[in-house]
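The first chain written gets the first letter, and so on, giving A, B, C and D; residue counts start at 1 in each chain.
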């Protein structure tokens, strides 16, 4: 697999540059609306990851790895589940069941509880983004002749 | 409050599962922390599983609903004595695996893989716990997939090329199993509109679905799927290849917990969802499995005799031992069910001990073949002693737990006048004797008169082996401890009659 | 009401504790190791002796652990029969230990620690069999005995002994599974496994056919160790083991465990009455009679001394089975007392074989011309044993045969007296040539080999027992007295 | 008697079964490990299709509350979709594992042909 950019076509590069912000924005939108409408962390995360994948495809794997460093990805990957677990455990600490938001005094209000769900969704989104991009990088960025 | 005992079941799942993610993060900051971290987390889970068992025995089954909803809408977790026993098996084995792995993995794997290894073990434990205490069939599927994926990876983590190929084979077969399971779930859902075990059972009975082809199909798919996972003959073909090349602690964990959990799920689903009459009279799952088990016991033992690679031999032995468990279940009486599950418990102790011991020998001497074991009794006396103890237990010599299983199984088949199965079990114990005494013979008495220098395995490996070997004897005498967890459930499952 | 006492269990544990301690002490301190063996043997003997007074008066000791299953527990007892067997084994252990020291050191054997440890475990298991108060406990120790004997059988670790070891395991483990099956079936039928004086089964519990089949599996199971033909062929093979092993285990402990089991099954599981109702005695007697005759005929053809002794053992074991199968008071008495009497006679003869091997390296009868002139005392011991085996008064062999013959006459089939007589004649044919060769042929080498006292004392002791028990069979605490008491219990007295 | 209408009405099942069989056939018949795995993915997809199609009904609307009251019977069943979402996520993990394994296999053996791998074992 080549190390450098896959394409030298200016058109592709430019369109990619233009496309990536809307893709990511859309991804964020999907994540944030996860708890009240179709969507959520998984879907949004994949959308954001696709923008990274697109970037890596067009500008090369090395550039992609530079933009989203392995260390950072490795940190972000487990973050979502940990957020998820922590919120769940906080519910248990307030003598509710796992993920029983109503047990937490602040979240007794349904509106605020919804925000808490968003928090979980954001966590999942982060994880999915990192994981999908990592899978892509792990497979595509691998040297096969070495 | 954290100490609220009703919260125990979810913690059993959460601690290892989220512990895995914690391990994944903490390894970024401090290398080599994963061993300690997983040790702490798994000790905690083990302790909690004991607490759970105690709680279940003293104050009845726990039904836990996440998010404070009511079933069938919430994700329900049900812990009865049997699933508590399963979590004890799972957490104790993974705890011992982690203790054992400290030295073993450091030698076998690179540093980077070492940290992945512990993450995967934690994930596997979490998945297994989830799998055995899930109260609805779909969550069971998710647990199954978590444990499967981590077990594929754990088998492939060994640094030899055969391990990867066998892991791929395992992955293909295992995924078909999971797909079948999912499809069976789909059929159940389409017919009943629910996924919760208790609810499923009630609806199948209420809607009179016992003659529905879709329910038949779901039985077939679920049983086949779980049989692949549980290495039930003739769907065991992935196992010998995978075990002969995988790391020894993984073999121990897999043979001691993973396939056991699958068989447990098989028993649990068929008996709670479909009910004993259905699987006896309408779809003769039990009879089919009973005969397959009978064949498996003999064929597995014969294959084991023909192997010279000890890990491969133990894998075939597991095929035969799974047959024991399924046979107990297939006999179809309460006694048979207790016997099968008791053997499930005992087998996980014995087989894990054997795999650990074989791994320790390979660790010290690099020998994995039966014919290289000469003089091993002098070279590694303690390890070999524990190995022999577990091997004797496999043969079923009293006062070990293998004997108790054998006793119970023969009793169960005799009391239901299925003489042929009593004969199969007894003959199989002779076949076991052939291949286990062959190893003991080689190790202690097989030529090699020159005094070999003692070169014992490190303590971190000896302790798990010893604990398991001594448990073989302890539970051979105190078998009423596991039985106290098994029998109430066996009674409940067998009397759970829904065809009215 | 039996007295609760831990001593029956203690006697069992001594053997196993000794086994562990011996393994720890190891090869480096061999004097300490053998001292421990002695200590264990003697303390075990004393523990058992201390149980005598009460049992002799018709009492019984019992020690039970908590129940494992309803009706199943590990429980140990001391009734006349168990005490009879356990005291015999532990007494002869002392003697054999002494002989072992002479034998093992004389031959500079390897792995002596393993040898002594396994020996201790074997005796522990034998006492466990003797003292067990239910079938379950008996079976547990029966299987332990099987496994513990294995290292002794293959002690030489050469091709021949390994083959013998395989054969031994194949036979005894197969026997074990038959017993296990019978045990489970009995439990299923009766709901308990505790021995009862007059039998724990009764005719109402199951169909006669099932009870008969159950009995057959029991006999096949125990018959392996009791070497009933055609299940005997392991016994001559395991004669490759060191001679003390052959002497104690393959003429007292292991094989008698089989016959002990048969007697227990006949009397305490089925009970003489039920046995008679089902007509199970006669088949057993017929099988035993066939074994008695054929084994002696085979023994005639054997040139290897230990092999000949092995076939003679098969013959004598079937006396015991025959006596048990007669189902009469004197028959059972004779069969029990023969357990002890045969032990004294045969152990001396085995000791002779071992002594000859240590002193001259000879194993075959054809090589033993004039051995009596070179080793007079040893050969005398052998001769006394051989004469006793033929049933000549006033030696012990006569006592047991007397009661067996009385039992046969009491029974509906007095024809079996003929078997006993024929067997006595065959015994003469088997052993007389050896005595003749030993005393009346000229040896090739005249030199008298030195025989260590370690070997001599046990031999003389065995002869002493053979004579004294024959002369004074009804002294207090003799085997015969115990046998009478045991039989009285079995008959419901 | 063949009830054609019955079969036509349940065409979604037939498609799902067909896909299932194609996938299974691929898994068994193809030698290439990647193709085998693709077969597995087809099997999975057929199951997803089966699930989703059974949650749907004609002229149903998405089960989203927009404020105005809608008769719940008009909603399509969201639960199968939710389940399948989970199953898909699981399958992604599985696919990633399988593909990384096949990369490693290719590196070690130099081939992805299952028969050749068995020879090189």
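The rule is simple: a residue touches a chain if its C-beta (ideal position, glycine included) is under 8 Å from a C-beta of that chain, and two chains touch if they have at least 3 such contacts.
Being a predicted model, the structure only gives us computed values, none of them experimental.
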Selected interface, B-C versus A-D, where C-beta contact pairs are more numerous: B-C
Centroid comparison with chain D (C-alpha atoms), farthest chain: C
Approximate Å spacing (C-alpha centroids) for the pair chain A, chain D: 24
Mean-CA-position distance for chain D and chain C (Å): 70
Centroid distance [mean C-alpha coordinates] between chain C and chain B, Å: 44
Whole-Å separation of chain centres (CA-atom averages), chain A against chain C: 79
Touching two or more other chains - residue numbers and ranges from chain C: none
Chain-chain contacts as defined at top: A-B, A-D, B-C, B-D
Complex contacts: residues of chain B adjacent to chain D: 138, 141-142, 145-146, 148-149, 152-153, 156, 161-162, 164-165, 167-168, 171-172, 175-176, 179, 182-183, 186, 189-190, 195
Residues of chain B defined as touching chain A within the complex: 1-2, 4, 7, 10-11, 14, 17-18, 20-22, 24-25, 28, 64-68
Complex interface listing, chain A residues touching chain B: 71, 74-75, 77-79, 81-82, 84-85, 88-89, 92-93, 95-103
Residue ranges of chain D touching chain A (in the complex, touch as defined): 62, 64, 85, 89, 92, 96, 99-100, 103, 106-107
Chain C-facing residues of chain B, complex: 392, 395, 397-399, 403, 406-407, 410-411, 414-415, 422, 426-427, 429-430, 433, 437, 441, 444-447, 449, 477, 479-480
